[in-house]
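Quick one: structure below, then a few questions.
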Amino acid sequence: MKGPRRGNSSYTGPVLRPSEQSPPAGVRAWLHEIIFESDTPAGKAFDVALLWAILLSVLAVMLESVAPIRAQYGAIIRIAEWVFTVLFTLEYVLRLCAVSRPLLYARSFFGLVDLLAILPSFVSLFFPGAQSLLVVRVLRLLRVFRVLKLVSFLGQAEVLLTALRASRPKITVFLGAVLSTVVIMGSVMYLVEGEANGFDSIPRGMYWAIVTMTTVGFGDITPKTVAGQFIASVLMIMGYGVLAVPTGIVSVELAAASRHGLNPEACPGCGAEGHDVDAVHCKFCGTRL
Amino acid sequence: MKGPRRGNSSYTGPVLRPSEQSPPAGVRAWLHEIIFESDTPAGKAFDVALLWAILLSVLAVMLESVAPIRAQYGAIIRIAEWVFTVLFTLEYVLRLCAVSRPLLYARSFFGLVDLLAILPSFVSLFFPGAQSLLVVRVLRLLRVFRVLKLVSFLGQAEVLLTALRASRPKITVFLGAVLSTVVIMGSVMYLVEGEANGFDSIPRGMYWAIVTMTTVGFGDITPKTVAGQFIASVLMIMGYGVLAVPTGIVSVELAAASRHGLNPEACPGCGAEGHDVDAVHCKFCGTRL
Amino acid sequence: MKGPRRGNSSYTGPVLRPSEQSPPAGVRAWLHEIIFESDTPAGKAFDVALLWAILLSVLAVMLESVAPIRAQYGAIIRIAEWVFTVLFTLEYVLRLCAVSRPLLYARSFFGLVDLLAILPSFVSLFFPGAQSLLVVRVLRLLRVFRVLKLVSFLGQAEVLLTALRASRPKITVFLGAVLSTVVIMGSVMYLVEGEANGFDSIPRGMYWAIVTMTTVGFGDITPKTVAGQFIASVLMIMGYGVLAVPTGIVSVELAAASRHGLNPEACPGCGAEGHDVDAVHCKFCGTRL
Amino acid sequence: MKGPRRGNSSYTGPVLRPSEQSPPAGVRAWLHEIIFESDTPAGKAFDVALLWAILLSVLAVMLESVAPIRAQYGAIIRIAEWVFTVLFTLEYVLRLCAVSRPLLYARSFFGLVDLLAILPSFVSLFFPGAQSLLVVRVLRLLRVFRVLKLVSFLGQAEVLLTALRASRPKITVFLGAVLSTVVIMGSVMYLVEGEANGFDSIPRGMYWAIVTMTTVGFGDITPKTVAGQFIASVLMIMGYGVLAVPTGIVSVELAAASRHGLNPEACPGCGAEGHDVDAVHCKFCGTRL
């Protein structure tokens, strides 16, 4: 399991790696222990406080966007947001100090999220309103999985990701087919319905085709002519059958992913993993399992 | 099967347990026989009468909410509701008397439902309108399964619940991803579309994002700008693929649940598992199971 | 295969049975040959003519409902409808004559459809407008499967029906859960939103809850208050996961149904069918397949 | 793999076949090398240039349909479209010259698409507006798969197509059932709701029934009467369960297609099949595959 994860799941690795590779000394080790690990009481307290800070800061951004609340508590919320921003900036700098390879951390998934979580505040000094983007902080909550030791949850996420990754070629082919249909149906509806009925350009027709094929069906633009309604009916019934394809793909890959997950034994001969549950011999070297 | 069910399916167990553990004597035994069991004619008659009373009382609550009917038959319906409430209160007291451990029953699933089914009537004395909550009585109909001896149906419910319980970690991870997307997309749309187009706060934008991702698509709030419609299109196509994930999860778990739940015995001859429920001989080596 | 089909698929059996049981003599045999069978040229010609007549009569009913067409060609269409009705009535009488047990045919699926296909015309003499119900004739097109010898299609329909039948207990449990949710959420929304926002009774709230949970989302009634939109969001995300359940159920049963369909061999020992593809021994008596 | 693909996947074969069957001589061989193959630098450059030309021409058609852009850059866009049309016409003629059997190419999938990609321009000389149909050029992008050597993607498309083809009989039966339901429900709603509520003909009712059953739910036509809303609720819940059928079908066929499509070899030792693609040894007996 170690091998492949080191290769392609870059979001948990980097923050843990430094301690494996070059043991940091003195202050950095102490910082690393508190900020990145959650085994010690101090480390756990830090992580729990961080999660609450994240939740509260996202809530503050949300509340600020509601006009009546902004009118009454606007000043307090702005102050709270800046307090959180300063705290998170401090934390980001400390994280950079705590790892032996700051650049590696800065380029990792969590490093980028940590940066994005503070940038909008500074941007909002020049472009008022940009602070709404602070909600990206919600992504920081992904750390909760490590804090709460929800390793089994992470395992499940791994299975989901494996299934999605394995489905990618099929889903790409599928999305290509869907997009081609959208372009063509959007153009046909633009010709058939025309600007009078809301289909005032091909891109607008494509927007309608996506709304229809995905069965969202807002109803802001709808066919009015008999021909348009007939074409829409065909598109809807087609979308009905098409909807089955990604579901089928993910089901099959998920079944495969969880099947492989059920037999956790490694081959005693060659150490290979991922055998089927009904396998009697290793499928790579033939050793009896 | 007994072991695990005693542990985690708390809604059928408690009401049956008393008779297993401490045989109730005299009146209580007689009450228990009638109210909780449906093997005797009296017990069955009680249960059938109860089911009809539940159905009628839910119907009465529904009818009372319809203005024209309330105007004409309001008085009669109110009286009927109070009659049902008195009956159900009486029944609740009797149930408490009939079991040897009243507190255990009161805290069980059915005990809570039985209490909730009478409370709103009394609450409505202080807060008019609260009697609409009496529809919670519909949950009492779950007893129908025991009355009608629909054991196979209960077995199916057990399979469904097992599948859902097994899917919980995956579904939690999945819901976390969906909610993060909702928070971020809601904020982006609030910034892009603005209050003029109905996206007047981030929570409103999140409501729109949920309506869109789940493909419900009310159309009460829709993107009007070109940028907004483009972002919405991306969200919809993403939701299209995402919709496949819970379906795949449940399919796989359901397949596993119905495979394992049916015949857990291994062949005594070759040890093979996964036999059908109606199998008499092992399908691999022919040994009698 | 014979045994079970005789028992529960009543719609193809009855019309074929008479010839098996009591060979009809003379005119009746000749009628039966033409009307029920499609092996002889005359029988095939009759069936093809019948299918066209059905298609045209359904088309006539549809066209009559379109106001501009009715205004111009109303008289012709009415005449055509009556011609088809007389023809179908004649055919129905002949069918009754052609079988040895007319009552059995009259009570079979196709017998009832044949009757329903002519009744609305006569009813429309007393209740104008009832002729729209003539579209029930579209069900008669199911005969097309027999005419075109689409046996493999019928086999597929059988697999679909088997899967749906096997899923029935699970789907019943599932629908029960959905309907309880609908009743409770409809009442909650009636209390929260009130008549001012379109939720003017509990049944109306239930209609809205169904529209929302099934992800149809017409948008004719939508929550306006913040509390209502929050509850609606919860209902939608719940419906999102719930949508996965019937799909999973049908997938699993369908997989089982097509697996059993793949091994059509009967056991040489006991004659039992429905063995898995990977079965080496009969699972009922142990005989080697 | 060769055999079946030659038979039923007609869109990649024809353009490649000439070189297999009759080696074209001189200029034709050179043209074929450049236009149809992408192994040589010249052939690859031609294909990449073609893909960009296709993308730009589709973009030009889309932009022309947007009124403000057409007002300002209309003339330039029209010129660009004609340039692309002349280029594509030239390419089409060259393709016809480059193959040894021009008619076979003209009748192949890509041949027809290439023709359809230039026709609308000429048609627009007589029927202004027809140039919007030029978006059919988007289908030409399917060539991208060959250019980018995305063979594995093509393999996935093959699996998808196999699954869909295998599902066809089941899907036909299913669509028949859906369409019958649509015809009958459309008529019932026309009778129940009537013209006053938007259901002004049976075809309109059928359009509504399709919008509802597919869970699109535009909301442009909605039931207003209590009876209509009740029937709509039944239809929606039915559609809810029905939605599961195509998904189940495709899932099962997809599982079968990816199982069989990946490693069709049987074990030389025990004859077992269904091995993974990466298997080197039979997982049942350990024999080398």
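Quick notes on this one:
A, B, C and D are the chain letters, set down in written order, and residue numbers restart from 1 in every chain.
Here, a residue touches a chain if its C-beta (ideal position, glycine included) is under 8 Å from a C-beta of that chain, and two chains touch if they have at least 3 such contacts.
Note that this is a predicted model, so its numbers are computed, not measured.
Where the sister copies chain C and chain D meet, the same residue numbers recur on both sides for under half of the interface positions. Between A-D and the choices A-B, B-D or A-C, the pair with more than half the same contact pairs by residue number is A-B. Among the other chains, C has the CA centre that is most remote from the centre of chain A. For this pair, chain B with chain C, the centres built from the Cα atoms lie 29 Å apart. Distance between chain centres (mean CA atoms), chain A to chain C: 43 Å. In this assembly, the C-alpha centroid of chain B lies 42 Å from the C-alpha centroid of chain D. In this assembly, the C-alpha centroid of chain C lies 30 Å from the C-alpha centroid of chain D. Of all residues in chain A, those touching 2 or more other chains are 203, 215-219, 243, 247, 249, 251, 255, listed in ascending order. Within the complex formed with chain A, the residues of chain C that make contact are 215-219, 247, 251. Residues 169-170, 172-174, 176, 180, 183-184, 186-188, 190-191, 195, 200-203, 212, 215-219, 222, 226, 229-230, 232-233, 236-237, 239-241, 243-245, 247-249, 251-252, 255, 275-276, 278-288 of chain C are the ones touching chain B in the complex.
Contact residues of chain B toward chain C in the complex are 58, 61-62, 65-67, 129-130, 132-133, 135-136, 138-139, 141-142, 152-153, 155-157, 159-160, 163-164, 171, 175, 178, 203-204, 206-207, 210-211, 213-220, 243, 246-247, 249-251, 253-255, 258, 275-276, 278-288.
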